[in-house]
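Labels run A, B, C and D following the written order; every chain starts at residue 1.
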């Protein structure tokens, strides 16, 4: 049994971790921290939980919080895990950070996109970037993993094989993506109220969404990224465009994807454009791509559940690797459909 | 390994069975039948499936279809399993019927509510009624189980303990329930088109919905039942009203529910009125109840996922019992939330 | 031109009034007050507004606020219009109160259901109850109208003709209703967040919703009322149950409705159970009813848009009557469908 | 009174025309044709209709169908109005074609994108392209108007002023758009079933959607267009990308839009990215644009209601122009919000 702590247990990502850990054979949710809901029953915070887990109280983080813990999931607002990662790693614990603090290799990128200097730049190199399909060996041997962002996960899974195969010009990349509302987190605001979102499709964060930096880093690309909010709770679809590096066979984009993901348990290559619903509630991803000879462009699409492959699911997949477990333990590739 | 066949594998209930069996430790989906989609890959029929299961072809039912099979799930239109249940039972197989054919004890009830005589009345007594919390022993020893309907499951779980405790007058029962659209099945029609349902709340089947008969049978009650279609995919909430049998302590209804479901892994008694979303994608159920001294009435509420506890989930729970497995194998009580 | 002021212009009801007044031939929105958004452009508060109206600034209420005004719509939290109604009426202005302050005839009812004594009980008798189909003459001659609540409007329209015709026992009334989320108002809270509501159907306010009092008053009935929140923005469906006063012809309930609403421009009697979507965005209402000889009960259904016939639309209909205008001016009976 | 006929009165566009004509001061819906629903009451076909209009029967088209008619709206599947436009124009009637038959100037384009030769190429030049903001004079003097497609309307309104101002390279245009499900029409199919679409965001028609041709024609551009289906009933958002023709002031894109649409009653230029919901149920459009100096690209966004400004609303706007009426008669710019 791997004794697991969650920091930020009361948010949506915390809740999804708890739902998944309730069925995980090896990871045991042992200490659950969340300052704003400290003292409340988990069942009051996450109404989906039941049984004994619902009766556990959320704790306030304290000095002895991590005694006896093997693994820490940190699902905190950006800037917070920078403050505590050093102490966690010094204790020899494994750390999976679901926030944005350790995704960017270059502290200058963090400063530029997040508007403040990084508080623990020396620790960055100790984190593997948490997409197992692309960094499996690094994750296996890492003490710490930085979760890929939700938009970057959908984008990078769809685009990286084509960059690697030399099929597209990475400096021409446009990423147009839509997210379900859970991607905006649990904080209550008018922009994510039901009445605002129902029947609404809109872009936000024009030109300057922070996930741009991750995409550029992992793809070695220049990216113009436009996120949209769609009237659904879960799911991200990234529709990505790039200039073809050269004329190619119409099957080349799909072939590159199939080669990259052969044997992967969670990434599926589809002939048809995927729906976010195919992977809702799961750790699955679906990608496809097309070459448009008429305009000389390639279109690449990736669909995930932002809370699954885009957050809690993928980080359990990483934790499984870090502890030498079956990579698929506690995870499903099948979406809850319809 | 229990070799399992599904008849009607291409509908929504079939898809949910497949999703759940993909993670079940003991039940192995071995033969998958579905006439209208025979010959197609499962992945084309159920886009949520992935990996090897997606590549399996749907078969047309044939004489040797059940050779080597231990367990049959029949998810067929009503009237169909009457025709084949006899042969299945004669072969000694266990049978879980997800349709309506063997729910009603009295063939005359079937004839009255379904408009045609029952074709195999002698078999009815061999079926246990598939709500484990109320008929666990019968299910354990049965060769065949008839799935409770989705509306009856939500209703009976909320109401039965109060009938048994003598708190309500069963002849005064009104059941007002709302269902997600997946309850209407996969057949394509204008009434379940997105444009029709989005933003719509409406009643249907006024006075004569067939699930009334099941509720009356299991509760020993007279029931006026009004189903509604809500703009959501999954979930049933039954809001039930009855005259109080006598003045009672305000806590009496909740106490009766807590006593009935103490220790149950899938049924939770809640102080607050439950949302269908708390159990979406799971086999969980949540019930609550109130006594209104002002009007002398009791209100009882039950929430389930119509495809989970209302169909595929509950029938896997029954199959687990029939084969002496852990009753919770392959099932979650935690909803996919948000 | 009737110079019109709106108090509470920044809420959803205020926005709907503005949308409708933008096309009204006679009512001119002249002064727009809203304390929390004072100083902001209307277009920033209500993104649906465009053109000149979007550039008008929301004002803070002041002593001279109503100089030159003919008509006041007050869309304020309950308790607020009690404080100012006296001054408005003394100035000789006409007043339409969209809140709950003047709906209940008996100040003791207000105290019981709203938990505080009424601050202006002497004014109550000067308000007509704002359902034109039932109180047209009183509204025509009134200086002030109290808007019927949204749930009461849907309920009373469906039930009142059957009470009047002696078809049902008013002391047996059960009202089970579902509302879209805009009925909860514009205040931001987790219970009305998109992620909470999408895929959710749940009851709330068990036994003690304040609209019960209005229903009982207008119907001369004892009412057990259970409201539900449905995953849609607009719309209310009330499904109402009562014991039949006596056996009756199956057509009797529909006949009573047809007789009551013959020639009404906004209330339609339907053979089929109505959807909220049929009247979404409009001032229409649809009602139907059934007698169930088997259980001796009558089911009555009413559908409206809670912001239309349930609030802003119906109150413009009342204002039209108060000023001797065409009762339908500026209003549509046709829903925005699909 | 302008006596108006609708061909294809039973589809969604037909229903929206009827809803709008019910409140139009000058256009009178006189003859309503729809072969598949011929003989049915309009109220049975369009449940949003009420009053006298609901009692009108849908007619089968016949030889004398257009006697006494002044104006024809044709909302037919593509290929159908080619067969009858000649006869309608010869009678001297005005014709507004809501289908795709007369949008493309070059019959070869029609053949290429629609897969069959045009049956009436000589008539094409008699049709004005139906976006009043760009072709007002031509529409005023035309006998016939071809409705712009829904995606092209949203796209062209957002992009054309920047092409005209020389700010973007038209050969680099990428259009990524999302539509509500009503854009797929009323035919019933699994892809537009509620259970398929709810919680789903997906692309379709990769590389070859027919609206591409219209965008290229009107913008003088090369366009790669990817449409998506969003889980909402109404609305289109087009997010468009092009290479900047040259470095520019950050305000230049918005300035070009403001200059183009100054004084327009239905097109609004917004600083913030628009939501489809702002214009739902209306004839409004909202556009915005940004220059991204970092990547050298321009992003342009346009939001409309696909049934409003994208179909029925815009075509009533055109008809108003064709008959010399107030261009805004019977139309609202304000969306039904929330």
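In the analysis below, contacts are C-beta pairs under 8 Å (C-beta built on N, C-alpha and C of every residue); 3 or more make two chains touch, one makes a residue touch a chain.
All of these numbers come straight from a predicted model, not from anything done at the bench.
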Taking each chain's C-alpha mean as its centre, the one farthest from chain C: A
Over-half contact-pair match to A-D, picked out of the listed pairs A-B, B-C or C-D: B-C
Gap in Å, rounded to a whole number, between the CA centres of chain D and chain C: 35
Chain A and chain C: spacing of chain centres that average the CA atoms, whole Å: 45
Shared interface positions of chain D, touching two or more other chains: 12, 182, 195-196, 198-199, 231-234, 274-275, 277, 280, 338
Touching residues (chain side chain A, partner chain B) in the complex: 12, 15, 18-19, 22-23, 46-51, 54, 182, 199, 233-234, 265, 268, 274-275, 277-282, 284, 332-338
Residues on chain A engaged by chain C in the complex (per definition of touch): 12, 181-182, 186, 188-190, 192-199, 231-233
Residues of chain A defined as touching chain D within the complex: 174, 176, 178, 180, 195-196, 198-204, 206-207, 222-224, 226, 228, 230-235, 237, 239, 241, 273-277, 280, 290, 292, 294-295, 297, 299, 301, 303, 338
